[in-house]
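Labels for the chains are A, B, C, D and E, by order of writing; each one numbers its residues from 1.
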Amino acid sequence: MPLSAYLIVSAIIFTIGVTGVLIRRNPLIIFMSIELMLNAVNLSFVAISSYLDSADGQMFVFIVLTVAAAEVVVGLAIIVSIFRTRRDIDVDDMNLLRG
Amino acid sequence: MTNLMLLVLLLPLLGFAILGVAGSTFSNRAVLTIAWGACGLAFLFATISFFSMLGTPVAARTSDQVLYTWVASGDFQLSFGLLLDPLSATMLMIVTGVGLLIHIYAAGYMQDDPGFWRFFSYMNFFIFAMVLLVSADNFLFLLIGWGLVGLASFLLIGFWYRRPKAVAAAKKALVINVIGDFGLMIAIFLIFKEYGVLNYNNNTGGNGVFSALNPTSSGTLLQTVIALCLFVACAAKSAQLPLYMWLPDAMEGPTPVSALIHAATMVTAGVYLVARAHPLFELAPTALTIIALIGGLTALFAASIAIFQLDIKRVLAYSTISQLGYMFMAEGVHNYSAGIFHLTTHAYFKALLFLAAGAVIHALDGEQDMRQMGGLRHKLKITFWTFLLAALAISGIPPFSGFWSKDEILSSLLAQATIHNQPLSYVLWGTGILTAGLTAFYMFRLFYGIFMGDYRGSGHSSHAQDDDDEEASHHTAGRLRIHEAPPVMTVPLVILAALSCIGGLVGSFELIGLARWEPFTKFLAPVFADVHTMVTASLGVQWTSTALSVGVGLLGILAAWRLYGRGFQYKENHNPLYQLVLHKYYIDEMLDAAIVQPILWFGRTASRLLEGDLLDAGGRAVAGGLRGTSAALRRLQTGYVRNYALAILIGVVLIILYYAVRG
Amino acid sequence: MYPILSIITFLPLAGGIAILFIPKNQLAAIRWTAFAVAGVNLLQALGLILAYTQANVSSTSSVVSNAPNGTFLFNERLAWIPQVGINYSLGVDGISLLLVALTALLTVVCIAASFRIEQKVKNYMAFMLLLESGIIGVFLSTNLFLFYIFWEVMLIPAYFLVGSWGGERRIYAAFKFVLYTSLGSLIMLAGIIALGYFHQQTSGGTYTLDLATLLNSKLDPTVQLWLCLAFAAAFAVKIPFVPFHSWLPDAYSEAPAAVTAMLAGAMSKTGAYGFLRFCLPLFPSAIHTLSPLFNTLAVVGILYCALLALVQTDLKRLLGYSSISHLGVVMLGMFAFNTQGIEGSVLQMVNHGITIVALFLIVGYIEARTGTRNINDFGGQAKRLPILATVMLIATLSSLGLPGLNNFAGEFLALLGAFRSSALFGVLGTAVVVPAAWYMIRFFLDVMEGPRPTEGPVAALERRGKLPDLRFAEFLTLSPLLLLIFYIGIQPALLTYLMEPSVVNTLQNLGSAFIH
Amino acid sequence: MTGVQISFFVLAVAGVASALGVIIFRNAVHCALSLILTLLFLALFYLQLGAMFIAIVQILIYAGAIMVLFLFVVTMLASEATDTELADRIPWQRWVAGILGLTLVGTLSYLLFTGTSIDSGAKATAANSLSHVVNTQGNTEAFGQALFHGFVFPFEVTSLLIIVAVLGAMVLVRKA
Amino acid sequence: MTFIYTVTATDWGRIAPELVLAIMALLVMITDILLPRQGTSAKESAPTNFIILPALSLLGLAGAFAATIVLFAVGDQQTAFNQMVGSDYGSLYAYIIILSASFLGILLSPAYLKRLKLVHQGEYYALLLFATTGMMLLAAASSFLIVFLGLEMFSLALYILCGYVVRRKSSQEAGMKYFLLSSFASAFLLYGIALSYAVTGNTSFTGIRSYLSRTMPIAFPLNQPVSIFTTSSPHSPTLLLIAMGLLTVGFAFKVSAIPFQAWTPDVYDGAPAPVTAFMSVATKAAALIAFARVFDVVFQHARGDWTAIIWAIAILTIIGGNILALVQSSVKRLLAYSSIAHAGYLLIGVVVGGTVGISAILFYLLCYTFMNLGAFGIVSLLERVDNSGSTYNELRGLWYRQPTLAGLLSFFMLALAGFPPMAGFAAKYYLFYAALQGGHPELLIIGVLASVLGMYYYLRVIATMFMEKEVAVAPVAAPFPNNNNKVSGKLGDTGALTSRGAAAVAVKPATRAAAASTTKTKVAVTTENQPARIGWMSQAAIWIAAAGTMAMGTVLAFWFVQLAQQAALMMFR
């Protein structure tokens, strides 16, 4: 398979993630969409790494994985803490700050 | 000699300074001491200068003392010097002499005025300014003097500063005079641009305008323009058409002021300027013709207005304008010394007329309307007689002074007409003759109106409604006690009357065969030595002219006597022509509507439309537009995370599309 | 060596900061300290004049053949950010000398006239002194960057002074003032940066903003044109030229009198000075191309604002428009490109500074007494206020260009120069004397003479007898201005003597054909 | 079609479908499960590409640990596990997002399809060549070699990152 | 080198500043546990803790600063850890900026924490230090891996810090928004990295740069203008184009350039003021330096392909930021918009590139640090727990209540507006100079004109404090803290209303004063809502910022411009 095939699949999944961020109102799902985007990029990395015969891409994937884990921790913590005071988690409710 | 000149200049200034700073604390007597002292000493030194000049040889009569450098800027170097030559000496004598007399007179006239000190400080200031004007040795200081006399005139017209009319008149006088200043400045610029200097002569070691002139290239446009610009200044200062209208209004000032400034001295500055700058005018024959024409027109025009005026001072004012027209006519036909001669005699009899009128007004407690007078010959004897002499003098009745000077002008005109056979000059001469008749007529109308017949006044003080209730007014309402003026006022009247009678005797006696007796002309001859264009009138012409003018004068007196001999009767007259003349041809109204109002309208409209609606509101509209944009854009900041993410995506898509399209 | 220029520039600033440490209830101490600082600075400025005459060996008569010695003296120079052409460099020549002295004098006068400010005195005085620092710095800088710094520095105190101590619409006025001038000056900033850039391009040397070096650059005429316009943007707003003057009536009428006096007297000169110091010598070809435009703007400004002044009812607005009109004469003289024109222009800057300050302070005194500036509220006040009336008359006459007083000397020279280079502009410019006399005399007459008002604040005050004449202190405040009004009118030669070599120097950059 | 191609297309379709599931399902639990599925498919991709270690880590950590955490939170906030019933306040965004998403994916695919090429100059060579190390030392060993030699610094930094995350969790979740 | 690189002591030496800071952050955490507690709540600190913890943090920053200085003096300016982190002058310069920002931010914190009764002090300082470390890594990164890691590290810390005021909904909202959007944008960045990796086979800057110089040999000479419409440049491979586009998005988000700016005002507004102060400057500095390094240095050979986009973004940002700021009604939010505008100016430097562009960025950032921190510092002194305290209504007549505060705020406003002789002007001047030198006169002109808009809104703050007379009643105090949701919403609205009136303001101050007086509230002023006594640390911070603002514009400009030029030169090595 040519590299472009993997890249296109990656792009499709990435775009699905992007769209998810835009159309979902539940922050958890938005967050999942972001994870989707990161994973799409990871796919690219692995594919490129393999085609270039270079370790950098896999390193990247590994680091991204860790970062994603940390991000999930913080992100979920934020969501939970907001849930405590607000009792609902529609992101559209968060628009005190605007203008 | 020149040191004396400096004193003549500075003494009045000193008097002004002392009175101006501390005058309010002085008693009237102290004020008079200073004012009379300053003016008197100035007159004394002027006289000494004058007579010592008579004692020097003709060639050495001109002196110029350079005092200091006013400004030096590149090739524009200007030093101020005092010029003493026969012309300025003559003027100085008139200014200080008549000035002194009027100072004396005013002590009586202004006796009860709370602004006594102020009045005399202004008067001293005027003397200073006038002396500066006539003794300056260059055009710039002439301009300075020119402006300062204008200021003095402004201050004195508006002396009673709470009278709306006085204030309006002062404003008018100032603004119109500034038009003259404008002309003078342009003339000066042109002179400097053309000749590179502003000094009259090369006495100062450098160049002088007059010595830089090239007589062979006369009549160019530039020279004409210079001359005309100068004449604009003269017209404004000397109240010639079309800039005359401030002078009648200027009569709102105290009468001594009218006598000194608006009759005898300041208004003649224009005549002086033409005489002083005659080398420039000589190069511009067209301009001279225009001057003569305007002079003639003004003479006739003003005389015609004077006929129907009811305010005695206004009659005199129009008469002044008319007489100044004569002087310009003389200068227009190159006879400068005749102009100056008439200036001199006019100073005597017109000052006298005003002072006498002042005495009448004084006696009637401020009344100026001829309808409220009559029959005063018994009560005001000195005034009556002096006024009569002056009226005869102005009417050109020999042997009074006015005859000599006016006669010389008229014969000059006729000579010009006959020798060059110019129709225009005939017209001018005719105008002069006609005006002489009119002059005699309105003068005697005035004379009869004031002194003859019966007293028509109510006997009550009518002019007492002083605008200022707080002012300790000396006009107390009640029964008038018509009385002759105190000696301090009558003595100047008598002196001036004497001068009016004999003042003309320095004129030319050629008419009666004494061709060599023309001391005045001879005295001034060095100044006008370069004038070669003046034609001398033959004896026949002189006789013709003289006979006619005297005849017409007598006719005028006769007519006046016929009409008003038994007292002045005012009748309402609705003849449109009469109304036209009575209202001074509606010139003031026309000017107001044609010039003043449009300017003010423009100012107001520009203020509203350009300043307000265009610039101010425009600026605000820009600001408002930006703020509106800002407010609109702020709405994009919805607060929805998903919108923000959308914005990011839009950015991404745009960038990617850019690359896709660009390839 | 005694760094006199730096000291003159920064002493007021230091004094202003020092004042901030005086306890705020010690009003007298604050006022007198401010006065003393300004006074010391005035003395220094006078000393500078003396020193300048000593150092500057020049002939009194200065026509062309003599090599001019009007270069900058007492130069101070310190590398600052040389990488981008910035140096701290000050210098003084005959032109800036006069304007510095004028500024120092006006500051003393205006501070003295501000003694009756009661609110936030400390800050007020500090800002006044800062304003002085800024204006003097503008006149003394010989590096364009430094010049720009001072140019903007003077804006800040002006903004505060107008906005905090002004009248009803002060905020609007302050904003308008600052935004207009900032727009102009930022365009100039772009011009300054570009000037250095193009200089570098043409001369191939380093990037520099030193005036002395830039004067030698041979810029392409098109480049010159744009740069000149950029500089002119700032100066034209400051002077102001006519379509850019909209800020002025508001700012002048809303600011407290002493501040207006500073703005009109000293600050507006910076614009004219900028033209003379930078536009003329730096962009000679452009300035020739543009001079018809500038002359036209000047003439339009002269006549248009004179007509506007005729119909104003607010005394300060009237003076504001008159100020624009008068500064038009300054510009007209400057763009005559001859010795008389430029000397007249500089002389007129000084004169206008003196006269307009006197006038604004007088209006300030009147307003302080009556609480109104509406000309219709007045009439015949000379009766109660004879001394004030006299002083006002003198200032009025000076302003309308009465021959023999200071303004006449300046206007005459400037207009003479203008006429010499273009009869049309000369005549049009000179024509202003008529409306000028008209509106100025209206200004005086309608307040001091004529019938008393029957109603309104003034009438009420007069009825109650609460209309005190000029106090002695107030008279003393005005007296130096009055003395100068007379002195310069009688003998302007001293001033032209001081500036002549520098003026000739400036003209030399335009080409020797213009020196006469 | 080779086996590689077939497996690729199968995986691609499955991966994209499950990814779509993440954003389509209403219920958050379903979404999370769909996400886990996607992650698994991706792990299979990694295997196909020869990145065995990464594939295993992906399954263990991502699908195992992280997604469990997700599920935990989703169930904890069970009442809110679905999008609120309230009407969407910015309904138009759906359409705009859809169009933009399609544009993006279209453009990207086009560009990637036409533009992707592997420059031989960019390939790792000699000592840096991954296949070389894998062949000599084995897959996991190669990964370890890289991680603890060339990439030791990022690895260390990651530890700080995790500390930050822990701190954050402490701060945010503990009662104020 | 991937598989055989061995870490040596010199590697650690080259990252000494980060090392010191990270260790200190851990120390702060440990100390926090050891410190005595007060009251019933386990996390309520004893008074001494308000000094000890910040002091420790400051010590760490001082140590890092000292290490930076040492590296300046004796460092070898090489990259460390297999081309992961640089220690060149550019990085060190960035350290100075970031450390200064952090230093001032920490100085501002104790008083704020005390006043708002915030707990978890230890974590606060530790997070702040970690964020600082992350920013330093980003700024010094010479590999995309570190770019991503540094970015995520400080972002994570900042998400938490933004949501630190748990009692305040707006703070939570800020944290949430920042988190979601930043993660979203990071994904784009990461995607960009992946694609650039695909083209070049490298993730380290040196590798990419040398690859590009091999394949696209016609490099653009330094300091030569690049027309934005150029097509003559050698085309980058398609993937690189996409990569650059996506990287632009990632960086532009962090520097808050339009159209990726939307989060900025909300986050800056909601976050605690000291955090806003810190991150508005430090994030921008780190991200911009990385931005400039990636595009101007690493992608230098592809300049013709990216210039147009960043050029357009820069212009949009300059104009948009300034226009959006015009009608704001709270200083905190205004400063957020102004920081967008400043980001736009800074992007000019990126567009210009070359040593002149980068040194302009560096110098501008240093100047901006002091001005902006000073301004936000004062906002932090005014801010109350419900996020009120800095609206125009509340600032009105501040001059009469707290003249020093008002004076200093105006000072910073003037500096930000670019009035000489403060730092803002020097910075702007140098940047505009760079624009012209780099052949972009249009950016110079746009920048200059937009500055006028800037003057308007900065000066309006001053006008509010100085020129509008004080409202008799103490500023609007919102009910505290529970149902503050609606109230602060309303507050914002009234603020906006009055600010819209402000246009008219000026026309009719009298009516405005009347309008203002109607907004007087009847709510009792609790002690907590009184303007706080300013702690000495905050005072020190603000005065240091003021001194820095002044000095950067005048006496220090000489040194730091020179240093910036050296740094920029070194970055191109």
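We adopt the following convention: a contact is a pair of C-beta atoms (placed from the backbone, for glycine too) under 8 Å apart; a residue touches a chain by one contact, two chains touch by 3 or more.
On a predicted model such as this, the values are computed, not experimentally measured, just so you know.
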Outermost chain relative to chain E, judged by CA means, is B
Cα centroid separation, chain A vs chain C, in Å, comes to 65
Chain B to chain E, mean C-alpha position gap in Å, rounds to 77
Note: chain E sits from chain C at a C-alpha centroid distance in Å of 42
The distance between the C-alpha centres of chain B and chain D, rounded to whole Å, is 103
Among all residues of chain A, those touching at least two other chains are 3, 7, 14, 17-18, 21-23, 25, 30-31, 40, 51-52, 54-55, 59, 63, 67, 70-71, 74, 78-79, 81, 91-92, 94-99
Touching two or more other chains in chain C are residues 179
So chain D residues touching two or more other chains come to 89-90, 93, 97, 100-101, 104, 108, 111-112, 116, 118, 122-124, 128, 133, 142, 146, 150-151, 154, 158, 161, 164-165, 168, 172
Every chain pair meeting the touch definition is listed as A-B, A-D, A-E, B-C, B-D, B-E, C-E, D-E
Residue positions on chain C within touch of chain E in the complex are 79-84, 86, 120, 123, 145, 148-149, 152-153, 155-156, 159-160, 163-164, 168-172, 174-175, 178-179, 182-183, 186-187, 189-190, 193-194, 196-197, 207
In their shared complex, chain B is touched by residues of chain D numbered 89-90, 93, 96-97, 100-101, 103-104, 107-108, 110-111
Listed in rising order, the residues of chain E that touch chain A in the complex are 2-3, 145, 148-149, 152, 156, 159-160, 163, 166, 169-170, 172-177, 179-180, 183-184, 187, 190-191, 193-195, 197-198, 201-203, 265-267, 269-270, 333, 485, 488-489, 492, 496
Chain E residues touching chain C in their complex are 399, 403, 414, 419-421, 425-426, 429-430, 432-433, 436-437, 441, 444-445, 448-449, 451-452, 455-456, 459-460, 462-463, 466-468, 505-507, 509-510, 557-558, 561-562, 565
Chain A residues touching chain B in their complex are 18, 21-23, 25, 30, 91-92, 94-99
